[in-house]
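Some structures to go through are shown next.
Common to both upcoming complexes is chain A, partnered first by chain B, then by chain C.
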Partner chain A sequence: MATGELNLHHIGVRFGGLVALDDVSLRVAPGKVVGVIGPNGAGKTTLFNVISGFVTPSDGSLTLDGKPWRPRPHRLSGLGIARTLQGVGQFGGMTVLENVMVGVRGRRAEAEAFAALDRCGVAQYAAVRPGTLPYAIRKRVELARALASKPRILMLDEPAGGLDTDEIRWLGDLIRGELIKDSGTTVLLVEHHMDLVMSVCDEILVLDFGKPIALGTPGEISTNERVTEAYLGAPA
Partner chain B sequence: MNQFVYLTFDGLSRGAVYAAFALALVLIWRAARIVNFAQGAMAVAAVYVAYSVTSATGSYWLGFVAALVAGLALGVIVERVVMRFVDHSSPLNGVVVALGLVLVIQGVLGIVYGSEFHPVETPFSRDAFEIGGIALLSRYDLFVFAAVGAVVASLTLLFTRTPIGLRMRAAAFAPDVSRLLGVSVGGMLTLGWALASAVGSLAGMLVVPTELGLHPTAMDVVFISAFTAAVVGGLDSPIGAVTGGLIVGLLLSYVSGYVEPTVAPMAVLLLLVVVLLGKPGGLFSSSKARVA
Partner chain C sequence: MTDMKTKASASPVPTKVAQERRSMRRLAPIAAVLAGGVVILILSYTLEPFRNYQLATVGAYFCVTAGLTVLTGLNGQLSLGHGALMATGAYSFALAQNKWLSLPLSFVVAIAVTTLAGAVIGLAAARLRGPYLAGLTLAVAIVVPSVTSTFDETFNSDQGLSVVLDPPPGTIPMERWQAWLAWTGALLTVLLLAFLVRGAFGRRLRAVRDDETAAKLAGVNIARTQVLAFVVSAVCAGLSGALFAVLAQSVSPGAFPLTLSLFLVMAIVIGGLGSLFGALLGAILLVALPTFAQSVAEQTGSHRLEGNLALVVFGVVLIVVMLAAPGGLASIRFTFIRRFRRER
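Right after this comes the complex of A and B.
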């Protein structure tokens, strides 16, 4: 049986009079990398918040592995779903290792947390408080924290923000290499960095003012006129 | 010199109790950002449970254990039934509800047990040992130090060495991030209240026999001293609470001994004012501004 299959059916979210998401449907197939892109305010993070259970949709429904599903934030981890945050969101009063250990259960929590830091190339900072580290290192710690729970669905919210070209290449290699090929993790990616999105995604959903305007492979999206219009404005 | 040594040991013994009580306030502040003004009344309720159990069985220790269990239970009930539903948009809301709880708890205790003072026994003698003609500590003082020391050590181990302590710290620091990591933030909050209430009950068990006796308002003055201790140390800091407790204990003892016992509570209030004016974050506070 396929695991890690997530379906969104006609999701709508309204905040008072503001329509944040309007009739968004998406199938995230197991083991695939699906990107969600769109200009600022398009509703990408709101979509992540719906899947994380922080926002309850006004319309529509979700299914996980084919079953109806109402997400709750503290249950995600138990279901094998991990999410990184746009801001790095680390616990300032704890060491890097402790930050990662918060999300790992069992007797081997420390070893597994350390292994996740090692996979992300930041094991040498295990005993350091994250607040003292450069932003790019903290982004790696954030990724390690999400990976430490060995998720089957990984939601990455702008993981490339604030990273340089080499760091982004490393991130792309991690997503396409170790995460996908080796462990079959399903990845849902919100990202502004187009090179990364185009190089790692199997499928891309484009949102504009909360509405889905395109869904397709990177090749299809890059030549889609509505997408170009949304990003660059309509031709005069 | 003899008097100074005696007052110092006496102050440290009192201070240890204030430290435990201040620690209870800090535990809840860190977990919920509420100063639990009902802590004193909750502790008294637990001491009344101990009083009932000890009266019925004749065993101080059964009463002692009953007080800690009652403290845990009361913490769970207060958090789950009352505090969880307080609107946290203003810090005053939690304070007002806690003060309301004080009235309810003291009222119920008055109805059930009456409002006269009940003398409470101590498990060990309160007669001080004399070394070289100087009165130092009693067996009971040693018991107080051991009990408070055990609590401080246990809490330190819990928060720094155990997964559950790690998750309690995480839940208090960033609830939403913690939820995403699978932490039951509500559960951690309840646990925090239960632990704090049990520690407060222990402080009540230790201090009530040394004061006028058991009465629904027996912890009111102790609360002021312990609150001062927590503020002196910085409400966020467990080490600060312990240090603040010892400072307040010593201050009370010295002022009682060298000036006048009736002036001692005013000295505590003066210390509170001086700290709030000079270093409002407390001696052990981080640089982050306090919002409440």
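Right after this comes the complex of A and C.
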């Protein structure tokens, strides 16, 4: 399987009169961590929904490994793309282990699912139903489910939401450590927690009201005036 | 990748314990079905003919309730039309049997026709959710019996068709033969369903039921899973219908009314949604409660009660079970065992 190069060309999404995304282009290079940030309602999750096929763009196109690509949600995992959901989205009627096993194919499904849980530090909850677990643990289970399919592109939708400082540090280490260095996974990250974004990303795209306003390294973004303006309002 | 593998073998659970547990789990349905077969064989030799006939009826009901509990309990699709699918199976069986007089062939025809019917309804059902799906299947339950009066040359209207059966082999009494046929069908059905729902297909079924978005992202094709689930349960209903044709040696629209479909849903809810053991309990209740109601009605000597008391009894049982054990009768077992373990 190719390493996974994802390109977005001039993507536009309209919901009736509302322009959710306007002329967004992005190149996600293999093995990089690319962050998407912006104030609430900037279109970050819509962008994720376009890439995972839940929303069909009104304009523009996508390519995967250089070929034109029209994403369909249930085909993603077959293409080596995994995505976590903002609202956790787990199967309440199944155990944690079964939850993870849904995304794993083949005879070694159970062992691989268990290994993914172990990696995320939640293997001890394998036999429990996710509904009974605290939010932070469920977030880890969700992450384990995405990792179990051994994706080449991993899309994380606000993985730090609801986590405390230690857990966020653990998440950052996971993204920067095992995920990137050891397996060359490409990560696409939507996140509000700036410390995490700034510490793990190679490149950051900033959206505001659906428009891309900046694209660059964390250093460039943190000193960009338009970004500060979008987050804090007009400069004094 | 190498890192994943070393971790997998270093962690304790997926090694020996899990393997033993997995092979145990794999063998459990076979053991249960074999034990069931022995019990049925013993019962069929000890029971009087009428009780044997009732035993056979439980077996025939078990086929459909098992399929329905997988569809409704595990996949979350509520069908109020399984009585109509039973009718489809029964009529296909009757027509094939009267034409070719070959029991195995007639069963194959009944299953083939209901597979087709299940696929057609399933394709429509996969696009519908909740009350809309219930409405569609309800319409099927109402429409199918009236087909018999529209094409009365083939189906002979309300009179129905009689089913010609060869006499049982040897000196086996008819009722015992019927019980064997019904329970062979039921046990095979349950064995196949048990294997299906314990594997990856079962996980996909439940994933679709619990969260469609997350299931899609895990690579599950929602529509295909739903149609497959519907076809599987339609086949079970078709086989059940064919068995009812064998039992009654006739088929008529009156044998598959709308209330039958509703009773089936009630039975799996009382038994415990999604549980094959619960489906067995439901099937037993479907036979036992009307019999009980009838004997009560006879003792009080009221003719008015006779037809309606079964409905009342079913309703009361449903309410009592839902209050006492919301997970159905099958869940009681587990809470009892858990309590027992905790006390030890």
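Basically, the second predicted complex is superposed on the first by the 233 of 236 C-alpha atoms of A that agree within 3 Å, B and C clash if a C-alpha of one lies under 4 Å from a C-alpha of the other, contacts with A are read in each partner's own complex, and residues count from 1 in each chain.
As a convention for this text, contacts are C-beta pairs under 8 Å (C-beta built on N, C-alpha and C of every residue); 3 or more make two chains touch, one makes a residue touch a chain.
The model shown is predicted, which means the values in this text are computed figures rather than measured ones.
J.: Clash or fit: how do chain B and chain C relate after the overlay on chain A?
T.: In the arrangement built by aligning on chain A, the partners chain C and chain B clash.
J.: Regarding the shared-chain residue A:G162, is it in contact with chain B (first), chain C (second), both, or neither?
T.: After superposition on chain A, A:G162 lies in contact with neither partner.
J.: Per the contact definition in the header, classify A:G219: touching chain B only (first), chain C only (second), both, or neither.
T.: After superposing on A, A:G219 lies clear of both chain B and chain C.
J.: Look at A:G177 in the shared chain and tell me whether it touches chain B only, chain C only, both, or neither; answer first, second, both or neither.
T.: Neither partner.
J.: State whether chain B or chain C is in contact with more residues of chain A in the superposed arrangement.
T.: C
J.: Name the contact category of A:S77: first (chain B only), second (chain C only), both, or neither.
T.: A:S77 contacts both chain B and chain C.
J.: Looking at the overlay, what does A:G66 touch: chain B (first), chain C (second), both, or neither?
T.: In the superposition, A:G66 contacts neither chain B nor chain C.
J.: Once chain A of both complexes is superposed, is A:M94 in touch with chain B (first), chain C (second), both, or neither?
T.: In the superposition, A:M94 touches chain B and chain C alike.
J.: Can you give me the overlap between the chain B contact set and the chain C contact set on chain A?
T.: Touching chain B in the first complex and chain C in the second, residues 52, 54, 73-78, 82-83, 85, 89-94, 98, 101-103, 105, 109, 145, 149 of chain A appear in both lists.
J.: State the interface residues of chain A toward chain C in the complex, per the touch definition above.
T.: Within the complex, chain A touches chain C at residues 52, 54, 73-78, 82-83, 85, 89-94, 98, 101-103, 105, 109-112, 114-116, 118-119, 123, 126, 145, 149-150, 178, 182-183.
J.: Using the touch rule from the top, collect the residues of chain A that touch chain B in their complex.
T.: 52, 54, 73-78, 82-83, 85, 89-94, 98, 101-103, 105, 109, 145, 149
J.: Please output the residues of chain C touching chain A within their complex, sorted ascending.
T.: 1, 3-5, 7-8, 11, 13-14, 18, 22, 200, 203-204, 206-207, 209-211, 213-222, 274
J.: Taking the touch rule as given, give the residues of chain B at its contact with chain A in the complex, in rising order.
T.: It comes out as residues 163, 166-167, 169-170, 173-174, 176-185.
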